[in-house]
Amino acid sequence: MPSIVLSLSCPDRPGIVHSVTGLLVDHGGNITESQQYGDPDTGRFFLRIEADIPGSIDELRVPVDELAATLEGTIDLTESGRPIKTIIMASTTSHCLTDLLYLQRMGRLAIDVTRVVSNHDTLRPIAEFYGVPYTHIPFSKDRRDEAEAELLQIVEETGAELIVLARYMQVLSPELCERMAGSIINIHHSFLPSFKGARPYQQAHDRGVKIIGATAHYVTQDLDEGQIIEQDVERVTHGHTAADLQAIGEDVERRVLARAVQWHAEGRVLRNGERTVVLP
Amino acid sequence: MPSIVLSLSCPDRPGIVHSVTGLLVDHGGNITESQQYGDPDTGRFFLRIEADIPGSIDELRVPVDELAATLEGTIDLTESGRPIKTIIMASTTSHCLTDLLYLQRMGRLAIDVTRVVSNHDTLRPIAEFYGVPYTHIPFSKDRRDEAEAELLQIVEETGAELIVLARYMQVLSPELCERMAGSIINIHHSFLPSFKGARPYQQAHDRGVKIIGATAHYVTQDLDEGQIIEQDVERVTHGHTAADLQAIGEDVERRVLARAVQWHAEGRVLRNGERTVVLP
Amino acid sequence: MPSIVLSLSCPDRPGIVHSVTGLLVDHGGNITESQQYGDPDTGRFFLRIEADIPGSIDELRVPVDELAATLEGTIDLTESGRPIKTIIMASTTSHCLTDLLYLQRMGRLAIDVTRVVSNHDTLRPIAEFYGVPYTHIPFSKDRRDEAEAELLQIVEETGAELIVLARYMQVLSPELCERMAGSIINIHHSFLPSFKGARPYQQAHDRGVKIIGATAHYVTQDLDEGQIIEQDVERVTHGHTAADLQAIGEDVERRVLARAVQWHAEGRVLRNGERTVVLP
Amino acid sequence: MPSIVLSLSCPDRPGIVHSVTGLLVDHGGNITESQQYGDPDTGRFFLRIEADIPGSIDELRVPVDELAATLEGTIDLTESGRPIKTIIMASTTSHCLTDLLYLQRMGRLAIDVTRVVSNHDTLRPIAEFYGVPYTHIPFSKDRRDEAEAELLQIVEETGAELIVLARYMQVLSPELCERMAGSIINIHHSFLPSFKGARPYQQAHDRGVKIIGATAHYVTQDLDEGQIIEQDVERVTHGHTAADLQAIGEDVERRVLARAVQWHAEGRVLRNGERTVVLP
């Protein structure tokens, strides 16, 4: 029996869960997992349901769209476990890219990496080892528009549903950020909002913090201000140099990013204004 | 508008959530929080719903009982935030008792500690400071039955819904364990199932573990084998003596126990065979 | 045999450890614990030694002072485990005060709390329960100098070696900060440098972070900028309100502050410019 | 100026640190890092010193051996950062092997992996990608002695100083365990001493623990009883299946093993009876 994931975001009001579960019951569905959250601050309601259904997912699409309209919200409906088409972008640092490709190969992430894009050619062998096409798009002030156009073309060609910035050190254009809002995930190598901007490990070292961290967030036009999806931390001491913090931090970065990508791919992350709702 | 908590455990089948939410919708209820879990191993389904309802909770009792019968399960229905009547038992160690009484006073725990019971008189001043009656029930082989009878009488008198063993060093009778199954919480000073039995910190030290922990669990007749509710850990080093481990461990014990008591009091902990389902 | 703690801070150069251990060997001492750190950034060297010595600590004072002069540094010499005279200041929030007094009573902290000082009278019963004198120094713009004078008099009278700001919500005067530099510890209810200033839990909630924390630091004239001694964190979710974060955070605050006070009292915390060296 | 690491284990007595630092001072050395530990239980003393020395390390070898004899202990002396010759053994599970090879390539681990040995041929492409020779030694009851002989020959040929069992599912012979005592590190996929033996994640799931972990330990002839080097944990919930625990656990396993290997390679791990001393 196929299994579906339904993710809903709408204004809160009585009866939502009953309506959604009613629709599923009418189609013979059996709910296997369900989480919800009503935000008293924003007045919005969020729901994720995983269910087994007897027929095809397509039979649900029209009634689900009608329900979304009635609830004045949005509902994403997809097959459970369907790998989403993903572009990974990286510059020269390999730990996040290596880990995502490894986890994809092991079946640990519900993503289908259709392309690795980089402004350098350094990481090509890693992509090749994992059998993923690699596109080098040189980036410089002169050819900014050209580079963006190449990237957009790859997005089109591959039908990318998600872009993961796995330590990609260039800023994406406002157009792309807007167009794929909520579908671009970045890993920031600090425990945001601490140490925004450049060289966060050096900043952390200079401030003498006892714990460092990393943050995966959606990319918005405001740098380092996008909605936080996941964070994690590791203890450090006075004895660690900025280079040590970087080495320790890389391990935090890769697991934070992997978790964020996984939860996003499973439809567990819903945007709620400046924040996210993560339904575990 | 009053708020209610409904905790359900029953055999899994399609339509449960729809039935429960339907009952609430019929009574004008608005769900503010909901979690569920279907266990593929045991075939059981668990649900906790928090909802605002327009009328009295009493109007729900009959339909809820009928629904429980239909679902061949059990449903607990209670006012949200109602402090449950609690007896704390301790011997001579004070950290867990102190913390629970402090947190109760600060309104952090939905419990109403009606009595502190101990087999010693040592901890009386702490109970008195927090305004809780203290009963010293001396315990020895000779007066085992007598001691048990005194305890049972206090359970009766106070209408205890929960007994917390906050480092109580005597074993409760099988009768009491049976009678209050799922309503007696113990804190064990190790990361179970490691280091069962006596002197767990000494055992941990001797084995040279790098992390110690504590475990809150329901009390069953099998010592240290009850369903685990919550665990937490702390890093230690070769430099820590068994006494150091104990000092570090006490801080872990008290927060693990406090969390377990809080979740239990909020109806978030459901027993599932040898395990628990904790709906956050 | 008495045991001593020797804490050294001086410019780095070859032979320091050999000189210090030589001095101890000459006096028949046996080192039981030793940690050191040389900071390549600041060129400073830090050493803490715990040793058993056959005679009186006083016989060591002159040679230790001479060695400090030779090394152009400072050496603190004290009996191991000697409780240092401490004033705790708090306003109306009780969790940190309660915990410090509890831990002192249990012999878990090497401090001797000689006075609790507050700008309110709210917390008096807690101090009295633990047998510590309580002084209420009302604080307002009008009587700022007067209040400071009263506080300074208590510092004098009690011979305070340490002031702990256990959620004290007033700013100390630059004079007091200067006079007791490195001997005033504050707990800040955020994971500094994130969320400086007022209402950090509300700030954390609004930013949607997935982990909150607390920071114990030395107090300097720059608010929230003093050297960090210890930090710790706890996971939170979208479902936690700002009030929930506060409740969760209080448990983090108290354990971070307790650790910082303990390490300070044991001579393990040495200031190194804007940072600390913590020798475990 | 070359830098050396000196790791000492000997019976505790006064003056050890002074003797060792004296030797270094005599040779113009400058200590950059030093940790020590005296175990009151076993009466043994452990010391690790990192120092810059003006001449060749070889000039230190004789005086260091003489000092070791005087102290009735053992001293390991090596160049700081020298990669130690390492064999990695694995069966069919790739996460630990992949991670160690990746970290080696990135210069994060002071090891020189001279060979990957496996009882299967599955993981060969990974070794080849990282440019490490791969030897498949089929293992079965019939050819047990033959397989052991082949392994020993590789140990000889490569001059292996360390064997890492990166999820190698066969038991090594007592002879090899004895011969390389303290130089074989295994990763066990549970938080030892919990869940010894087979299928620890299934055991953990069945017991309903709320935290799982992994343990890196030296291999001794008593299976799962060797000295623990490092452990780490991750939170899990009732909702995780045994397969989920395995996926989560793999991330814990690889970082625990990587840390243990790194600390061992840096001479930070000293055996102390049934336990280890880890000098950070």
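Residue numbering begins at 1 within each chain, and the chains themselves are lettered A, B, C and D in the order written.
We take it that a residue touches a chain if its C-beta (ideal position, glycine included) is under 8 Å from a C-beta of that chain, and two chains touch if they have at least 3 such contacts.
Bear in mind that the values here come from a model prediction, so they are computed numbers and not experimental data.
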Note to self: subunit B and subunit C share one sequence, so how far apart are they rotationally when you fit their Cα atoms? Give it in degrees, rounded to a multiple of 5.
What the structure shows: 180
Checklist line | Chain pair with the higher count of C-beta pairs in contact (A-D, C-D) | finding: C-D
Next item on the list: Mind checking the centre-to-centre distance between subunit A and subunit D? Centres are C-alpha means, answer in whole Å.
Entry: 36
Margin query: Using Cα averages as centroids, what's the distance between subunit A and subunit C in whole Å?
Written below: 41
Check: Which residues of subunit C are in contact with two or more other chains?
Finding: 33, 37, 237, 239
Notebook entry, point to check: Which of line, ring, star, complete and other names the graph you get from chains that touch?
Noted result: complete
Item checked: subunit C contact footprint on subunit B (complex, rising order) -> 33, 94-95, 98, 102, 106, 108, 129, 237, 239, 247, 251, 255, 280
Next item on the list: Provide the residue numbers of subunit C that touch subunit A in the complex, in ascending order.
Entry: 37, 39-40, 191-195, 206-211, 213, 227-233, 237-239, 241, 272, 274-278
Check: For subunit D, which residues are in contact with subunit C within the complex?
Finding: 13-18, 21-22, 24-25, 28-38
